[in-house]
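Common to both upcoming complexes is subunit A, partnered first by subunit B, then by subunit C.
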Partner chain A sequence: MTDLLKVNDITYKKNHHVILENTNLTLGSGHLVGLVGINGSGKTTLMRIITQLNKNYRGDITVAGETAVDKIKSKVSFSDDLASFSNSTKVDNIRKFYCKVYPDFSMSKFLELINFLDISLNSKLGSLSKGMREKLVIALCLSRETSLYLLDEPFSGVDSMARKQIIKSLLSWIDENSSLIISSHHISEISEILDEIVVIKDNTIIKHEATEDIRSQNLSLEEYFENLYQKEIK
Partner chain B sequence: MQAFKIMFKERFKVMNLLLLLELGITLITFIIQLFTSGSLDINKIWIGLGGSFALWLGIFFFVYPIALAILTIRQFFFNRFRMIPISEMKLYLSSIFATFLNMIYVFIVQIIIGTASALIIIKGSIQAQSLLDFVKTRIDFSFADYENIAVSFVLILFAFIVMTLLVNCGVFLGQIVADVLPFGRSRWVKVVIYIITIIILIYISNFVDINNLDNIWLAMLVPIVEAAVLIGINQYLLRFIETSK
Partner chain C sequence: MEFKDNTPIYLQIEEVINNRIISEEYKIGEKIPSVRELSLDLGVNINTVQKSLNELVDEGILITQRGRGNFVADDLKVILKIKQELVNNIINEMYDKLSNMGLSKSEIVDAVTEFLKGRKE
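Let's turn to the complex of A and B:
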């Protein structure tokens, strides 16, 4: 199995504040990975470094064998929160933007996704609720046909019914050779579909385990995560 | 190419909205002037219309380059543009080229508005003579005059382009400095750093004073070289600039 993602000794500081230090991660193709950690642990930063949005890091990132910034961008689909689009922008215009700039954007997949998620193409961004907006972000991210998908807290505003529906369907929207890294506070809900779990603590990745191995210890992913953070919880 | 098209269209839309705003404000000013002056003299009305055009032209002349500079620099801090799978160099050149073309577009429109307002004022100023006769008999431009006017316009355009690139460079340098400083997260600290870097850059760029150059073509070469150097610096700095939105 070839490595899809290699995060090699990444250290990232901002304003003299260490966010990630000597962080390493290797990921194969066709995996669903949960990225967990408490708020401010560096989950989003790690995803932004992989996407090449955070720049001033030390270390190397390789995605599908590519190290050049533009090549990495073509292999990674990140869930952008759409903050740079004005509220008056129609969903259809965002679709057009994605269609134009991403050669791998699948129009049919997007239409299928927004139909499933009950989003209208004519809706304006400002008229969407937080949950609906997050659903649109998920649809846009997964509509690209690429190697690595990064979903950063995709369900924080989505109601539990829709959340369960999306989680159940996630597998069907991703190519079997692609991998998905998902950061979420709802570990118990996504645990069923995860193959691996990556835990960030003390500015670095402290654990990268197969979910099967964790379950074989008679632990749920939530319990496993809490055990790792036990000191801080106390 | 797609990135360029999108950036061009977004700027073009804003420029046209500003042009409509300029025309709207001009007309409103003219109508208010018409009612408050109380004069029905057709020549005074013509002069009033030309004057309204000229007044707002002078103000909006600076609004367009400022708006374009803001649009250009902001884009580099947006995820949606920085995630486009093209190299940073291509992204920067696409953005700057889109800005240049829009600047040329508004500049040409402004020249047309300026010429129209001048002709309207002239039309109002002459009573018995036709406009065509007036232009034929009173204005005797030589080729050199036309050349000087054209060169002046091109130099003004270049000045706006260099200024946009300078501000861009200042914001990029300021952002890089702000990211390193322990207290650089504060918005006010960032603004102060931006202002200081922009002032320093303007001071450095003023070492070459094109007013002292006798050769007009050499005077035009200076801003072109300045622009090329700034584009090189800015596209290098872009690789250290992180998005905020």
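Let's turn to the complex of A and C:
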């Protein structure tokens, strides 16, 4: 079986600051992966590099066997923060935009998802609560039929009821041919749905583990994560 | 469903399924929900659910029928074995707690006997 994602020796600097250095990661398909690290550790940067939004990196990215920028873009769906849409834009117009830009955008998937997540096509973006807006971001991201889905902090500002609803939609939307990476600085919120976690620290990926292997050492994912950071505090 | 985060979840799922068999929510010889349905129902990763089912198949508690899904073994002995295991687990946990408090074996027996007398009346 070929790897779904290969991050090969990526180094990325911004204004002479090293954000990521010699970073490597290999992922198979059919996984829900948590990307964890404290704020500012480079989680979003890594996602943007995989999606080819940040371009001036050193190293190679391969997604589903593709290495060319345009081909990779067609294999990765990254959660859009919707910042380019005005508050008066209707959900249905955002949908139309997505249909135009992404040939793999599935209308039926999207309608099913927003119905499940209680979002109306007629709502204006500005009228959505923070949690509703996050749900819309997730619905748009998951509605593309592609290989790799990247959700950047999907639970910020989402209450626990909505979180449970979103988690169900994540569990049911990923199949054996795709994988989903979710970044979070609050891992206990999502630990049960993850089968792997990737930890970023000191500008690189320091761990990539099966979640059940961590639990079999009688550690919760949160304890495991905290232990990795605590070494430095003392 | 709430799971403990510091114990492998596949083991906890096995326990959930065993309990459902004992309580006859899943009946002897009948089909249990699919991996995907269980993943949604329990709110856990599909690969983790698959691992639990594989273990239960290995233990002879579930039988996989190609293309049809997983069935509870049509064998009363298997069900009795699960029941015995669950009972052992509970007693084991109780024993550990009481012996950690410094109770001897006979004190534990006395305590349980007293308790049961109290329950009956």
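Observations on the model:
Following the convention adopted for this analysis, the second predicted complex is superposed on the first by the 229 of 234 C-alpha atoms of A that agree within 3 Å, B and C clash if a C-alpha of one lies under 4 Å from a C-alpha of the other, contacts with A are read in each partner's own complex, and residues count from 1 in each chain.
Keep this in mind: a contact is a pair of C-beta atoms (placed from the backbone, for glycine too) under 8 Å apart; a residue touches a chain by one contact, two chains touch by 3 or more.
This is a predicted model, so every value here is computed, not measured.
Bringing the complexes onto one copy of subunit A puts subunit B beside subunit C with no clash.
By the document's definition of touching, neither partner reaches A:K130: not subunit B, not subunit C.
Touch criterion not met for A:R58: it reaches neither subunit B nor subunit C.
Judged by the touch definition given at the top, the superposed model places A:H185 against neither subunit B nor subunit C. The superposition-derived angle at subunit A (between subunit B and subunit C) is 160°, Cα centres, a multiple of 10.
In the superposition on chain A, contact of A:F97 is made with subunit B only, not with subunit C.
By the touch criterion stated above, A:D70 is placed in contact with subunit B alone, subunit C being left untouched. Taken over all C-alpha pairs, subunit B and subunit C come no nearer than 29 Å in the superposed arrangement.
Shared interface residues of subunit A, touching subunit B in one complex and subunit C in the other, do not exist. Within the complex, the subunit C residues that touch subunit A are 3, 5-10, 36, 39-40, 43-48, 51. Across the complex, subunit B meets subunit A through its residues 2-3, 5-6, 78-88, 90, 179-185, 239-243, 245.
Here subunit A touches subunit C in the complex through residues 30-32, 164, 167-168, 171-172, 188, 191-195, 211-212, 215-216, 218-223, going by the rule given at the top. Here subunit A touches subunit B in the complex through residues 14-17, 48, 51-56, 68-71, 73-74, 78, 80-85, 97, 100-103, going by the rule given at the top.
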